Structures are given as C-alpha cells and as structure tokens.
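You will see two complexes here that share subunit A, one where it goes with subunit B and one where it goes with subunit C.
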Partner chain A sequence: MSALAPPPPDTETIVSPRSRRSSRSRRGNAGWIYVAPLAVIVAVVFLAPLAVLIFMSFQDWPLLGGPEFNGLDNYAAIGTNELFLGAIGFTLIYTVLATVVIFLVSFVLVAISNSRRRGAKFYRTAFFLPYVVGTAAAALIWYASVNDQNGIANDVLIKLGLTDGPWGFLNTPQQALFTVLTLVVWKFIGFQVIVLLVGLQAIPGELYEAARMDGANTWQRLRYITLPNLRPTLALLFILSVTGSLLAFDQFLVLTRGGPDNSTVTIMFAVYNTAFQQFDLGKAAALSIVLLIALVVLNAIQFKLLRPKDD
Partner chain B sequence: MTQHIDPPVNTLAGSPSADPAATTPPRAHRDRLQGPRRRRSRARSAVAGTGYHLFSGILAALFLLPLIWAVLNSVKGAGEANQQPPTWFPQSFSLANYEKLATYGEGLGVYLGNSFLLSGISVAGTVLVSVLAGYGFSRYSFGGKQLLFGATLLILMVPYATILLPLYIVLGAVGLSNSVFGVALIMIMFQLPFGVFLMRNSFDAIPRELEEAALVDGCTDFQALRHVSLRLVLPGVVTVALFSFIASWNEFLAPLIFLNDGSQYTLPIMIVGLQSGAYGEVDFGALQAGVVVAVAPVLIIYLLLQRYYVGGLVNGALRG
Partner chain C sequence: MSLRAIHGKTLRRSALVAAALTATALMAGCSGGSGGEGSGDGLTMWVRHTDGEPVQKLVDLWNSGHDTKIKLTVVPGDSFQQKVGAAAGSNSLPDLLGADVVYSPNYVAQGIFRDITTLADGLPFKDDLSQAHQEATTKDGKVYGLPLLVDSSLMIYNKTLFEQAGLDPAAPPASFAEIYDDAKAIRDTVGGDTYGFYFAGNCPGCLSYTLMPFASAAGTPVLTDDGTTADIDSDAMQATVDLYKRLFDDGIVPSGAQADTGTSWAAGFNAGKIGMVPIGTFNYANLGDVDFEWDVAPFPAPDGSGTSTFVGGDVVGITRSAKNVEAAEEFLAWSLTDEPQLEVWAKNGFLTPRFDLANNPYTADNPPVVKAIEGLKNGYTPATLPYGEIFNSNNGPWLAGLRAGIFSGDPDALADAQTKIQKIIDDAQ
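And then the complex of A and B:
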C-alpha cells in the first residue's frame, strides 16, 4: 500500500478541493483537450444509448424492422407478461436471499481474516481468489461439479451417506436456487470481505483504547464503536449487493438456463430473451427502464444514507 | 494492507457468533482471578489457535477446492474425466483434454488471441482516457467541467447491462457491431467512472510545483504530464489497468450479445459453448481444461498485483 498515492486518503480530500480551486488552476478551455476522449465516449457510448433506450421503450420495435410509436403499451404489457412478472418476483427473492446469506457469511470470514494470527493472510487470499474468476467460468465449475453423471458434489454426498443417487442440484426450482446461491456466495463474497477489512482498518485505534479504559467489554466495543463506524461501508456493500443481484444474469444463463420450467429467469434474463429470442426490442426496453429506475432510486437512497456521515 | 491495527482485531475475533476462539475472553478473565498461571493459559491459547486454524482451514479449503478440482479434472485422461462415478484424484496424468481444446471450433489460439486483444484494447483505452481526463479535471478549470464529471459518475448508476439494447443499435450505427473494438469500447466506458475518479485524486495528491518547475525548464504542458506527473501516479495507473483487465477478460454478457461470428469469440463465450457440447454429449474434461485456461491468466495477474487491487479499493472504488 505504501507504493500507492502517498498521502493517506483523508488528507487528500482535505487538500484537493482547495488546490483545485487555487488561483494557479489553469483556466480557459485548454482543459478540454485532456477530457475530450472521455467526453466523446460518454456521449456516444453512454448518453446516446440512454436516450435511445428511453425512445425505444415507447416503440413497437422488432429487432429486424423499424420502430413504430405505441405510447405506453410496452409498459402496460409488463403487467400481463407472465415471463416478466415471474422474472421480477424471482429476482426479488434471489436478491433478498443472496444479500442476507452473503452478509452473514462475510462476517464470519472477516473475523477470520482480521485475526493477528499467522495464516490469516493466507485465509484472506483464499476467500478472495474466486472473486477474480469470471462468472461464466465459475458457473461452469459448478456445472461440472453438480451434474448428475459425474459431478463430484454428488459423489461426496453419496460417500457421506446423505443421498443414494445424484441429489439433483438443478432438478427443482428450490434446488436450482440453492445451487446458484452457493455459487454466488463462493464467487462474490471475497469482495465483501476485503471491503469490510478496509473499513475496519480505517477505524482509529484510539477509540478502542479509550473504550477499554472506560471498561467497555468486547460486545460493547463492537456495538458502540465498530458498527457505527462501519455504517457507511455496510450501506455501500448493501447497495452493491442488491444492485449486483438485481442485474444477475451470467450465472443463470450458464448454470440453470432459466430452468427448470422458467423458474430461475431473472429480469436481465427476461430482457435478453425478449430482445434476442423474441426480437421485441420495445418490450425489452420498457423492462430495462423499470429496472433502471429501481437502481437509480436505490442509489439515491444510498446517497442520502451515506453523505451526512461523510461531511 | 501490511500494517495491522490491533483493537478491531480483538473486537471482531471476540464477537460471540463470529469466531471459534470466541470463548477465549471469559477464560482469560477467570485466569486472572486465579492468579497468574502462565503455562495453562498458554496451553489454552494453543488450543484456541488450533481451533482457529481448524475452522479457518476448512473454510479456506472449501473456497479453494472448486478451483483445485477443475485443475485436477483437466489433467485426467479423456475417459477418466467423464467417468461415472468420478475419481477424486487423477489416476494418470494426461494433456489429452488440452489437446482436444486446442482444436475445438476455430482453435484455442484464436479465442485466446481474441481475449487478449479485447483485454489489451480495453486496458490501453481505459488507462489513456482516464489519465488524460484525470489530469484535465485535476489541473484545469473549464466550462462544463462539473457536468462532464457528473455524467461520468452517472455511468455507475446506470449499469451497462440495462443499456445493452440501444448500445446494439448505436454500435451498429457507427459501424462497430460484431467487432472486438465495439465490445472494448463498452468495457472502457464502464471502467471510466472508477478510472477517472482514481486518476483525478492521484493527480490532486501530487504537488503541482513539480510540474511548474518542468514548465519553467521549457517543457510543454503535455511533456510535464508525461515526464513528471505520470511517474508519480504510476501506482494508480497500475490499479486502473488491473481493474480493467480483470473486468474485460472475464466479461461474458457483452461479447455474447455483440459478437455473432465464431472467429471473434472470446474465451468465456468459447467455454460456455463447450457446455452445449457436440451432439448433446458434454465433454467434462475439455470443459474443465477450458475453465483452467480462462481462469489461469487472471488469477496469476491478480496474485502478482494484489496490493494494487486493494489500494484501488481504498483510494478509489470505495470513495466514489
């Protein structure tokens, strides 16, 4: 870490706004030369598509044809589209379960990783490594491990005497959801652990010293120092976890393929199917917009939760 | 991440639900009441240490096993890799799965090349645009500055997955459909909020007197950036490059949608293709060999550069 931006983060924030506004800041439009590439990319690859998306959601637009205005029909149709309604319901359930499980397990892993014992660093790395594995590759590892023919997970369960034949990890909607949850915990929890560790180490040690002098016990230190100081980090992780879960796609496309019986189709999966299997861009765009609004609202809430603490 | 801060360690490790060593504090307390019995308390801490390592070791093994299992399976003989029930350890070492992989579809080399091309363009583009923009934001005042910075950060709020459909249209309009360059452009766009934010903070953190000295010595603005400041923000540059590499190397959705031509596919698309199998029969040996090839580069690069990753989280990602 010492090799990184030399001053610690705090001093950096204090110094930077002042120095940026200093009289020596170069004025005029010369700065545009440096930000021009950014501006072009933001305009062409972000703002323009965003505008097209909004336009698209008000059109009847087959993938291989032209658009035709149809007002709010696409939005109205969401209410009667079984694929969409099922996808929204399933995505919400998945989001709640994934977030809760990841939070609970991550506290255990953080306790291990934050220990001063020898080996803690190794454990930390082990927990984090799956995070750099791509979701598609991770889903394939799971697919190879849980398949009915020669999946090692079935073999382990059989050898432990827990099941007679293959357990059927992807057979029922519940089993498929369970299997995907094990995958996402394995794949994503390392990020949460690292971020929590960073948050913990940013808490000034003097606070704990002072609390100990005042006779606070372990539980009280956790309750009155660690948790309040960790609140912004926890809020951020909560939003990231919810956002990521609402957008889940890869793991379902590869591992469950939406099955069994379309029971594990997520919102992004439904958007993908509607646009690229049914070639109905308008309907897919309307569902995208609904998802997008949900995400913007979530971020606005996060903004409210986090900013007062920061300032 | 090297320095340790002691108190939080105790607090968390001692939290009742979180650690097998949680029983330590009350015992230690009892010891104190009974007077100093060092040998026994040392024995106890050894027991607690063993408990800690037993519990943590099992958990760490659970996290590493899926990766180890994929490697083990990939070096089994073709028959053994698909055998039912599976063997836990390879009975013989064979590269047959990798040989099969090498000639799959367009050939492994093509997909590897595409993946490296996509990552290379993404990393180079992200770094270039982020450094220039970070410098501009840090050193200049100009009209529309706040607006552009705000629009860049807005990308974080609107994940590209939700704008994939119109991107499909827009990329088609600028002639970049079915092209690795188009996908790279999306990857770059998505990394920019983090990259620009991190680079702006990095430039803010170095004294501009250094650049001014260079200007006095007759450098142009651009030379001052290239020869003086860029060296000082190099750690930030590595971080931006690392994040961009991991994201673009692993990306599945964007190549899936924007590349229609088998000869353009990247590794993640290729290995998922293996899952569909030829004639409905999945070759698990080749599949896991593919997984190993797709995972190894990113794991190695992460392990080499992990301090930059964590540094990036501390200085950029978490403060955005």
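And then the complex of A and C:
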C-alpha cells in the first residue's frame, strides 16, 4: 500500500496558517495511531519471522541440535539440491496448468451462475462450498476416494463402464498430476467464480442495453464491454492463482507425498523435505529466501504489466 | 467546546482505542503455546503409533497404581520425526519419549536424551534386554535409553489358502524359489480377488523392515554394524528385487501394491485374500478374530541357506526438556519389572523386551509368538545416523532405487541407490 496521502486542506478552519498546520498534523497523528495496531501485528507476524528466517539461512542448524554460523554455505549448496532444482520445473508446469484450467472452468461456471434462471443461486452456493474445506482435509478426502481397492472414484468409473478395473489415480506421474489438478480445481473454483460474479455485476447494465441497441452481438458485447471492465478483476485473480500455485504444498504432501518416484515435488515440498526429512533448517531457510525473492520480482512484474493503463 | 479541544479529545480517544486493540491482539497471539510440555505434577510421554496401542495399556497400568499420572500422546509414524524435530527446536519435548529404535542413534548423537547410565546399570536384568535396542541407545559407554517395545519382521502366511492350493500348510517357503512357486500356486488355484503375495510398494519403511532381512540372512546386511558403510547392491538385494518384480509382473501381487504407501499393507491379508505377506509381529494384534488359519516363518536367504528378521520396535528415554526426572526414572525402572512385561506385552501377543521372560504362561501356547522369539537370535537391526532420510523417507534414495528396480526393471537401480546412500551417510559423519 502506498503511504498515506496528505489530507486535503481543511476548508472549515480557515485563516491562520498556524492553526491550519497543527490541525492537519493532528489528523495525521490520529491516522498513525489508527494504523499502529495493524503495524504491530504485521511486524510480529511477518517481519519478525522474516528476520529469523534470514538469520537461519546463514546457520548450520540440524533441527535437533543448535545453530552454528556457516556463512553462505547454504546458498552455495542450492546448486546441488537435486530435489529443489527438479521441483522448480514441475512447479512451473503445475502453475501453468492449474491457472489455465481454473480460468477456463470458472468462465463456464460463471456463465451458469450469472443467469437469472431458477437454480442459479443454488449453483453459486454449491460452487463455493468446497472453498471452505481446508486443503489438507480435501486432499485426505481425495486420497481415500482414489484408493484402488476401496475408493469411491474407481467404483463410479467402473459402474459408468469407463474402466474395467481400478484406473490407478496415483500410479504414474501424469495420472498423479491429473488427480491433483482435479482436487485443486474443485477446491478453488468457487472463489474464482464469486469474484468474477461480483466483477460482472458491477458492470452497468446500461452499457449492454446501449450496445444491443447499436446491434452488437454476444461476442462483440463480451469483447468490448465485459472483458475491459473485468480487467482489474481478472488481473487480481491471475496474480492470486499464480502465486498460490507456486506456493502449493498441502495437496502434494497429503495426496501424493511427492510421488510417484519424486515426480510431483513442488518447491515448497522440497523446502519442507530439506527442513524436516534431511533435518537441515539452514539449507531450507536459504531455499525459502530464494523463493521469496523470486516471488517478489514476479509479482512486481505482474503488477506492472496488468495495471490498467491510465488514458 | 473549541475546535482545538475537540481535536485533542479525538486524538486521546484514538490513542486509547489503538492501545486497547494492540494489547488484545498481542494477548490473543501470545496466549497460545507456552514453554515446555513437561508439567510439574504429572509426566508427559510421546510414543509412535503401533497397532493395538500397547503403550497406552502400559501407561494405563502405571496410572492405576501410581500418584504421578502420565499423559500419553500417540504420534502417527510418518510424522514422528517432524514432530520430534519441531519440539526439539523449541525445547518443548515431553518428559518421556518413545522413539523408533532406528532413529535413536541420531537422537542420542544430538543430545535429545538424558544420561541414565546409573539407572540402567542398576537394573538386575540388564543382560536380558534386547542387545540391538541397547546398542542403539548407547554412546561412548553411556546409556541414554531402554527398550520399550520389541517387534520382529517375518512372513505371515494363510494356512487355509495353502491347503486350498494343494500346498502343505506346515511347510512355509524356505527359499526364493519356494516363495515364488507357493505364491503362484495360490493365485492360479484360487484366483479371483485372491492373490499369492503382497507388499506395500510405495512404503519405504515397510520395505526396509521386510527386505533387509533377506540380505542379512545371506550374510550381506545392507549396513555395517557401525552404520558407516552401505551395501545396497549386493547379490542378495538384487535377487530380492528380481523376485518382487517377477511376482508383480506375473500378476501374483495385486496392482494396488505399486501405489500403496503402507495404509493397506495388512488389509488384504487380514481379510483372507492374500496367500503370504512379509510383515511383522505387530500384525498379530489384528489377527485375533479372523476366520482362517495362519502361521509365521522367518525370512530366508535367496538360496535358503539362512534366515533372519529385522528386530525393530521402540526405545524410551528421558528427554533434555524433562521437568520431573525422578518420576520419569521411576517409570522406566518399573516398566521393565515382571508385572508390566507380562500383563501388557506378553498377554497381548507382543514380544517382551526382557528376553528372560520369553517363556511365560501367555506365550507358551501361542506358536506364532514362540516362533518369533526363536527367530530373534538371527535378528538384525540397522543403525546409521541419517537412517530416517535414507530409508524411511518417501523421497529418499532407498525407495527410489527399489521402485526403479521392481516396477521399471532398471538394472542400475540398486547401484545408483548405493552411490547416493553412501554419500548421505558420509556427509552425516
């Protein structure tokens, strides 16, 4: 957020520059006091752990023992961390797929929920419900459902006649990625739909009326009215989706555990693995710092590109 | 009131509101966790989950006869290391910690446990305690833990299915050739949703527990005694991988074995649908009510020249964050006396950590337990500092190497695993 803009000159208290300056600065002071609680919370919840993380990245800390300073060794070791380097590629693929699929599916669902047909309200609620289930809980539901022997997903497929035996949802890297994508789409689509609906309903109906009267067809209305007005909403959803996918972790820990054969290891999973399987907090902290810098740069680029151009 | 005074009032009120909000927020944030888990009056204890929860029975027995109560927390096996690591980092370990025997050398090296040499040396039956467990908790002559739970891996087989397949139920397989032939016979004769063999193909811990004895039975264990040299690509291990691959490819093992992370390891056998499964004595607790006959056999070397078992289980020690050390030591000494050993372990079909009590009324007429106890003399317990990250990790080189060999038929799988594993061990010394 940008710094507070100075308050406009007060038109009520007039005349003496001295009283005008002091009233403006008093209002400024009141502003700082209102911001103080949030500033303290941000400092405690974000800045302090960040400082600890930076400290950790310069230590050799085997988790079970205590920290020992080791300079830049942890950063140098990133180059040899195969799990992490492989994870970068996979996370990028996953991010692209998840973002594209969620956007496409949400457009379809928005079309269904935006109408005034009967049942639209029901659909809106139904689409949003999965969002309130925690990601780890949802992954557990999926894990139980795709089980070869007693999973309901295989039962349904067999009854529909689509497969003869269990499909093997987590057997190959491709199947595991597909299964995770179904989970992620199911879970996060609701949020996307609601935000898009809000954005759509903020577009004045008169624009559509006018366009219809001018003879614009559905596609032209979509292209010249809907999309430009939705641009800030779409930009926000895009940034959230990309950042969220880059940081994806819960579903991979619970559903695939990075398998089969380390084919679904994301960046955060590699960081977790380094900290809690290899018991090396220092290296994990260094990985986290590198990821943080990458995300800050990425978000800065995205903001620049997606900011509405001022005409 | 003048404008100035109103502004001043607003300022003061804002300051009060802001201060109140900040104080509430901070208090809400800080009221959560506090200090260590050890409390003044009672004791806290963490232990790994085992089917049948024997340690809960042990704690219940202690609580029924002592004033200092123990509060037990059972931790799922695959999050045990993380939980202990996080607690160690924040100095909030429980008073008593029951840890997997394979993790103990690392915990001892990192100073998790307190020195209890005096207590241990004072025990009258010290020499009858499991050697492997004692070695895992001893460093430089000092003792840091005592055996809590002893389990042994072995082959459990379904005698009813053996009969149906025309095999002799009193003659379990004693070599790799016999394992293959017997499993194939069951699959061919009975068929349907009944299979001859099972293994959890995506479970590193299960595969360590059951494959390592094949190698140690052949005289080539996967780790040397001091844990500094690995021997993963031995002939015995390669023969094991080849056997498992053949069993899986020929449909004698259900396809679900490939993705099983251990959750369904015993399910098929306990439902009477698997001819034989390499598993451990911890499964005895689940076989009390089944409607088929079963028995056990030790793991053979590939050519049948020897047998072995993985002697695993838990050790228990007093952690460095413990508050009530005296009561904790009293519990440790009590847990190895006759009453808990017989009433908790032996009565419920578990092995007793005190081997001098192996022949007791409960086990005497329980052949599977008797056979397990006899097999202990060929027992093998691997130990190395980075054991968890190599052998029990889903993303580690042991599981990767086995899966590449069993499911992809990669001929260099074990050699690659050997290089990676030796490197991790070397780095950890």
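Just so we're on the same page, the second predicted complex is superposed on the first by the 253 of 311 C-alpha atoms of A that agree within 3 Å, B and C clash if a C-alpha of one lies under 4 Å from a C-alpha of the other, contacts with A are read in each partner's own complex, and residues count from 1 in each chain.
One rule holds for everything that comes next: a residue touches a chain if its C-beta (ideal position, glycine included) is under 8 Å from a C-beta of that chain, and two chains touch if they have at least 3 such contacts.
Quick caveat, the model's predicted, so the values are computed rather than measured.
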Subunit A residues touched by each partner, larger count belonging to subunit B or subunit C: B
First (subunit B), second (subunit C), both or neither touched by A:Y34: both
Partner chain in contact with A:N171 - subunit B first, subunit C second, else both or neither: second
Which superposed partner A:Y123 touches (first subunit B, second subunit C, both, neither): first
First (subunit B), second (subunit C), both or neither touched by A:G65: second
First (subunit B), second (subunit C), both or neither touched by A:L200: first
Subunit B versus subunit C as contact partner of A:L83, first or second or both or neither: second
Partner chain(s) touched by A:Q277 [first = subunit B, second = subunit C, both, neither]: second
Partner chain in contact with A:G259 - subunit B first, subunit C second, else both or neither: second
Intersection of the subunit A residues that touch subunit B with those that touch subunit C: 12-13, 19, 26-27, 29-30, 33-34, 37, 41, 44-45, 147, 149, 276, 281
Subunit A-facing residues of subunit C, complex: 3-4, 7-8, 10-11, 14-15, 17-18, 21-22, 25-26, 29, 81-82, 84-86, 88-89, 106-107, 110-112, 202, 254-256, 258-259, 261, 263-264, 267-268, 386, 388-389, 393-396, 400, 403-404
Subunit C-touching residues of subunit A, taken from the complex the two chains share: 12-13, 19, 23, 26-27, 29-30, 33-34, 36-37, 40-41, 44-45, 62-65, 83, 147-149, 165-166, 168, 170-171, 257-262, 265, 273, 276-279, 281
Of all residues in subunit A, those that touch subunit B in their complex: 1-7, 9, 12-13, 15-16, 19-20, 24-35, 37-39, 41-42, 44-53, 56, 107-112, 114-117, 119-120, 122-123, 125-127, 129-130, 132-138, 140-145, 147, 149-152, 155, 158, 186, 190, 194-195, 197-201, 203, 205, 207-209, 212, 217-219, 221-222, 225-226, 233, 236, 243, 247, 249-250, 254, 268, 271-272, 275-276, 281, 284-285, 288-289, 291-292, 295-296, 299
Subunit B - residues contacting subunit A, complex: 1-19, 21, 25, 49, 52-53, 55-57, 59-60, 63-64, 66-67, 69-70, 73, 82-86, 88, 128-130, 132-133, 135-143, 145, 148, 151-152, 154-159, 161-167, 169-170, 174, 185-186, 188-189, 192, 196, 201-202, 204-205, 208, 212, 221, 233, 235-236, 239, 246, 249-253, 257, 268-269, 271-272, 274-275, 282, 284, 287-288, 290-291, 294-295, 298-299, 302-303, 306-308, 310-311, 313-315, 318-319
